[in-house]
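Listed next: structures, encoded as structure tokens.
Same chain, two partners: chain A is paired with chain B first, then with chain C.
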Partner chain A sequence: MNLRPPHMGILLLVLMILIIFQWFYEDAESRLVNSAFTSGWFLFGSFVALAIYGARKRVPFLPIGKTSYWLQLHLGLGLVSAYMFLVHIEFRIPSGNFEGQLFVLYSLILGSGFMGWLLMRAIPSQMRSDGMESNRSRIPDELDLLREMSDRGVKEIASTETSSDILNTYFEVIRPYLHTSCGLIPSRIHPDYGVPRSLVDKIQDYVSPAVLFSSEQFTAIHKLVQKKAMLDRHAVFQRWLRGWLFIHVPLTGVMAMLICFHVLLIFGFSVGEAK
Partner chain B sequence: MSNESRGRFDSKTTHYLRPDRPYVCGRSGSPCSNGPTVVGTCPHRDDRCEPRINEGHLRKKVHRWVILLFLGGVMVTLASADEDGKPFQQKLIDPGPLSHVHARFDCRDCHSEEINSWSALLASAWHGGKDTVGSEGCLECHQQGEHAKYAHGVSPKELRSRSSFNDVEPFEDQTECTVCHSEHGHGNSQQILSDSRCQACHQQDYDSFRSGHPEFSDSYGNRDRVISFSHSDHFLRHFKNDSSFSPNTCSACHELEPATGSMSVKPFEVSCGQCHSEDIYKSEPFQFFAFPSIFGMELLEEEGMGAGSWPEYIDAVELTPWTRRWYQNSEMPEEFAGLMESAEIEAEPGNPVRAKQLQNFAMEVKRAFIVDMANDLADWIRKLLPQKSRDLNKQELAKLSGQFPIALLLQMQQQWFPELDVELNRFTKGLAINVMPEDELAGSSVEEDQIEKKDNSSEDSPVEEGDLLAEEDDLLTEEDDLLAEEDDLLLNDEDVIDEELVISSEAEVKDEYSLQEIATGKKWASLGGWYEQDGVIWFKTVQHADPFLMAWIHAELTHGGEDDESSKILSILLDEKGPGRCTKCHTGVSKDSTQAHWGIKDDPLEEKYTHFSHAAHVFNDDDFLCTSCHTPRETPSPKGHDWFPVRMDACTNCHGVEVADGCTLCHQYHASPQIRQLKASKLNIFGSKEE
Partner chain C sequence: MSSDTGLDHLGSEENSRGNCFSKEPLSREILDWLRVNSVLSIAWDECKSRGKSPESILQLDARVVEYHKSEIILRKGDYGGSVLIPLNGSVRVNLEESGEKHFARKELSKRRSWFSALGQLFRRKSPVETLLTNSGTANGYNSRVSVPRLHIDLEAYIQKNLTRRIEIGDICGEIAALRRSPRTASIFAETDCSLLEIRWQGVREILKNSKEFSWYLEDLIGDRRHQIFSGMNAFKDLTEGTQRALTSKSIFERWGSEHWNRNFRNILQSHSSMIDREHLILPQGHHVDGLYVLLSGFARVTHLEAGEEKTIGYLRPGDIYGFKELMQFVQSGKRSPALRSIRAVGAIDLVVIPVDDFVEHVLPELKEKDIKALRSERGLISTEMLNFFLDHRIINGNQTMLIDMNRCTDCDDCVKACAVTHDGNPRFIREGYRHASLMVATACMHCIDPVCLVGCPTGAIHREPESGSVVITRSECIGCASCVESCPYNNIRTVEVHDANGEPVIDFETGKPVLKATKCDLCVDQPSGPACVNACPHDALHRVNFSDVSELSKVIGRITG
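Right, the complex of A and B next:
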């Protein structure tokens, strides 16, 4: 996993926010006032600050720091807000319906954000390991092209004297594979043939994989199958790299609205200050 | 910017996904020139492709749908009111279950019922939630007294007096219950006071209990003594001389009170009574009730103002405070004030005014006495009580009565006033009341004078002629009686002869039985109780914790006030050598206090800032003995304690650093005594009372 050292300024800023929060919270505790209000407002502020990161990406022309710094600040604030959240809920699982929903939502957002950070640290190095570079938006076209070339290649094989087993294997196993989706889990690649192990297992029902992949006639198609496997692997990684945002971002919007409602309820039903 | 096409990199023609185009052509290699529509459909009728969606557009769509779904759900839920039509009392905003003690509460018990609409909710939020019930709602059930919202629930002045501050202002801040006590699933709300909350006021800085915590006070472990008992004296002197009564363990005399976790002394019979039960019966009885002596009753009769029979005593009698109370509460006329103070009253010869006063006094006493005999015991006891305790219930009166028997009262009446009713009736009719024989009187009796006056004033009266005849008949009768007496003398002569014969035969045998040798009242009452002796009513203590004595001490301490009689009664009952010898041991009972502290009990009105339970510290283990914490001392402290105060070392020796477990381990916030008092519930189980 590729872990970058944090920017010292951002690290200090986050630590300072944490210390200020703790100081205010302790002060509220020591003044015998309801400290949940203090932690709540800090949590609200951190939530706004986290949401600003999304807005920052929409105004890239403004000279307000690099996006990478903003991302580090976003990550740091995310961790601090998790602590604030735990303090706010007094380290317990809320039992109320509405508070329970807020808890689940926040947990999902925090969890998806943490998962996104992990994926962004771990996947790119995996993608680089096979030496291939891919553009996610080109992958469908490249797969179409690959299928077209494969069909042309098999026509050439069919025009020559060849084993019917090879043709059968192509039409029953190889071609369907070329048209399948990549799925969500990357396939395990066979070290000898460079194709998915599952595909090798299926080929064995028709012909020996060693015979098939050593055949000169089949060499061109073999390369196409290897490329399909790599493209699929990249497509899967790309899905994971972007997929978590489909949880993180929409739920953030929902959370924003629920927080407003939560504030309204708290103030509406709270006791108020001592008379 | 140029509008010329950028070839394969032009965003409008490329296959690549571009943010400004929600969909792109699905054909690989040769996309169509105009591309799919904005809603993602292929414009071609033949050879249609499946346009691919832009990732950013997909994200927006998902985002939009999630928010719309959520908002829709919220609106539907909020729009559906509950049975009462109040949308904010439904489960969507239910903040969680209440603690088990409040499990049956309704929202309206704590929250304002007016918050039942959006506008009301907004208004309440705008005004800072002042519409909710707040601490006042809590205090309706949880009685904390008038200082509930002040620190520790006690008055600022009281708290200031315990602190080093001179100014009362720091103690005048008020705190809402919800600052510490939370509901709706916040778990056990009992132990929620964090150390930091204590330190809001208590700012003495130290690291932990082991390091820096102030040492316990010199009185810790040694409560104010209410029983005078010396462990050292008993162990070093008494038990050394006679080890048969020496207890082997502390539990021989002490026991744990499970409810409070405190250690108490076992009942007298089990502990002290093993040796000291006889002391109760050695105590002296005390005079409870007696009328004063009137010397010279015959002088009254000589003055023609006889008052009939009156108690005569062998020894000097005391006028007991109960008798004086009886006077006061028998509505005796003011003119007898001087007489009611004296135990010995003397008549003065040749002083008819004094004689008349004494006659009236004696007859007034008899009148009050006969009235009491017609009533019941409760009425009699009420007349002996201080003014403020007249409305005591029968159970208390029963203890105060000591079950005084009617037989004793009748016995006293026979002894004091044998002709009580006759004398009172004659006095009421204006007739003379003489006890002495007529021949002993120096002058003529009032009755004779009256008769003579009547003879002189009305000789023609036919009725009086009849009376004279009757007197003649009486004289004849007396003659008959004299004859009868002569016959008796003759008979007696015969009896004398017979008796001489019997004595001569049994001359050597003495009488074994005689009613002259029956026990005196005091002797008979060796086990305690009521008795009469020499014309005085006495009481002797029956048992330890005698209900009669305790009831009177309690009544006089709590209701006696500045009453002189109360002071005298307490002097009698609380004398160290007095009845029961109570104060020989019970030093917590004093006539100067308003409450009797008989045993080591928690004072319900005392403010408690700490708590400790022996229940959690007493084990059947030789390593943990009472003396692990309590160290005996041979020389008692100035306050009489024969134990050294418990020190912090006692805690840390066993607990080590683990004892530093937060302030509330030993301290408690709610010190006010009201928290330990149960509020009486409104009992209406059978609907007998209208709501």
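Right, the complex of A and C next:
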């Protein structure tokens, strides 16, 4: 995990927001007015502030603080808003239909945000541990090239007198592997051969992996398989790095609409309430 | 001191040098006067004998500029590549360090307003890296915007402070022009005056065709370095008299190859040892004959361990070497050998203060804090990383883009931010040399010694006088790709010019698309500065000045953990 201490100014700002919220909330409680309005407005404000982070990323040319500081503020406010949310729902599991939906949505947004933060901190160093640098958009082209080269390589092997086991293994196991998608879980790499363990297990049904990978004829294809394993690993990490945003961002949009509806409903039903 | 100005390799660009420096041609009267009465008389006949008429050079690359009394002509610390020759009136150079405050810049260069910056979001984006023909900025050489003035009693200032009059026909501004370094002194108009300004391209042409003139200028540079110590932290508290005495007794030396950038990429690709190609200035174990003060360029500091040269640091302009050894000599009375080796990385200028003069002039006036400054060590950067920086000449960077690969999530927000601020076309590539978890991105480093400037035939690529940022004036770029070839880091590219309809502009003569050079401009006109740095949400992208060791150590410390 690649963590850094938070910016002191942002930490103080978040703490100040928390203290102000607590003060207003307790004041409302002590005056016996409906404190849910106070916590609700604070929650609404924090939601708007959290959404502003997305807008800030679109205007990098404005001198309004680095985006990295805004991200720290986003994370800090996210935590504070979780507390505000719990205060707002009075630390209970909502029983109503609509409030239940809001609760689930909010939990998913918070959870996906936390997950995203963890992934962003953990994956880059993992991804670069093999020393290889890959460009996300070029991975499909690289894989295509690699498949083409391996087919060319196997033609050369076939043209020489060689064991049919190698060719069988190539067409039954290795070629399908070269054409499979990377999936969502990074493969465990065999320490001796630098290819996925699952592939080694499959190869064993046709030929001894030690024999295959030590074969001089197979060296070029072995290198291509190793490269495919590395590219797959990078592609999987890239999927995780971006995947969480496909939950976090759309749900935020839905949540924003539901919050507006929630505010309208509350005010609609609050007409005539004793002041 | 070497007299090699190193301009012989440059081919003729007569055909491609379209735009004149001056809107009006120089009069016959001025040209005749220059031939007889100015320093150019040294070069005149030699140029002619080589078939290059000085008159044609001046018509293309010189202009007459009028200054009024009290106006600042050149400001110390500014960047600029032109030289000036007073034609009439009185022009003075300020030699008093304490007086420099009057010459200080009052207002910073103009940036876009927030409103204008926001307007970028709504502008039509071009689909590929294109530059519209009518989108050139007007901040090039040909514009002479408001000239700053001295708001002081000029007569009283001249009487009380040390200044020197520059003779009519003499030359000034040559140090910055030839060394690509900041201006070393401020120059002001004592009376209303006219000066002939020759841009770097013209100076280069004259030097190329007149050996005598290049020797003359090299000698002049040596003689005029009268303020070299005043700008250095370690010496700034020495009295002006001591500084003057030191300057007169010091030995100026020039080492290394001026054209290190030529063939640099091939050398790098061949993986041959860089250290063996660097000129050895002071071998470890040899007697230290004085205090070495670096004036320009870079030097590698190595230590011999088990027969292997280990890089332990580098020197930048203003850095010194030999203090430890000289102090040992003072204490023991015995000459001590150099504890480290010093090598020239590229071309360097240095001054050696002889031992006796150091003991006589410098030592008695040094205060404790100065001694600390002289003893200061490099930051805590590993030998491997230092080797990486020196071998790839990354130390040349003023604004090198370093990316912490352990924090970079490949989100490309930096590239998107660059695109937003440059009409949808990013000016850097998020790829480059790697060392451990650090990547040096392919983005202009705004070098301390920008070799890309050397060959530009029009002066389109130049330094902003105030910040030193290297920028391209589109309207003056002729797409010759000289800067692209010269940049040893591959950080400049040429792109096609498109018209307002998105159609490529075709050169009628060649039938090929018109090209223009493009590179990172450090968002000079944006209110925020470099958008890439602002945009990185993970604090992975840094712009680092390799001259600032404390900043560098901080960033490297953060990256390497």
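Basically, the second predicted complex is superposed on the first by the 271 of 275 C-alpha atoms of A that agree within 3 Å, B and C clash if a C-alpha of one lies under 4 Å from a C-alpha of the other, contacts with A are read in each partner's own complex, and residues count from 1 in each chain.
Here, contacts are C-beta pairs under 8 Å (C-beta built on N, C-alpha and C of every residue); 3 or more make two chains touch, one makes a residue touch a chain.
Computed from a prediction, not measured in an experiment: that's the story for all the values here.
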{"item": "First, second, both or neither for A:124, with chain B first and chain C second", "value": "second"}
{"item": "Chain B versus chain C as contact partner of A:241, first or second or both or neither", "value": "second"}
{"item": "Which superposed partner A:34 touches (first chain B, second chain C, both, neither)", "value": "first"}
{"item": "Per-residue contact with chain A, leading partner among chain C and chain B", "value": "B"}
{"item": "Touching partner for A:251 - first (chain B), second (chain C), both, neither", "value": "first"}
{"item": "Partner chain(s) touched by A:94 [first = chain B, second = chain C, both, neither]", "value": "first"}
{"item": "Which of chain B and chain C A:267 touches, first, second, both or neither", "value": "first"}
{"item": "Which of chain B and chain C A:61 touches, first, second, both or neither", "value": "second"}
{"item": "Touching partner for A:23 - first (chain B), second (chain C), both, neither", "value": "neither"}
{"item": "Partner chain(s) touched by A:71 [first = chain B, second = chain C, both, neither]", "value": "second"}
{"item": "Touching both chain B and chain C, residues of chain A", "value": "135"}
{"item": "Chain C - residues contacting chain A, complex", "value": "112, 114, 117-118, 120-121, 405-411, 413, 417, 420-421, 431, 434, 437, 439, 523, 526-529, 531-539, 558, 561"}
{"item": "Touching residues on chain A, where the partner in the complex is chain B", "value": "26, 29-34, 90, 92, 94-100, 135, 137-138, 140-141, 143-145, 148, 242, 245-246, 249-251, 253-254, 257, 261, 263-275"}
{"item": "Residues of chain A that touch chain C when the two form their complex", "value": "2, 4, 57-64, 66-68, 70-71, 120, 123-125, 128, 133, 135-136, 238, 241"}
{"item": "List of chain B residues in touch with chain A within their complex", "value": "15-17, 28-29, 52, 55, 59, 62-63, 66-67, 70-71, 74, 91-97, 111, 115, 121-122, 124-130, 132-135, 149, 173-176, 178-180, 184-187, 194, 196-197, 199-200"}
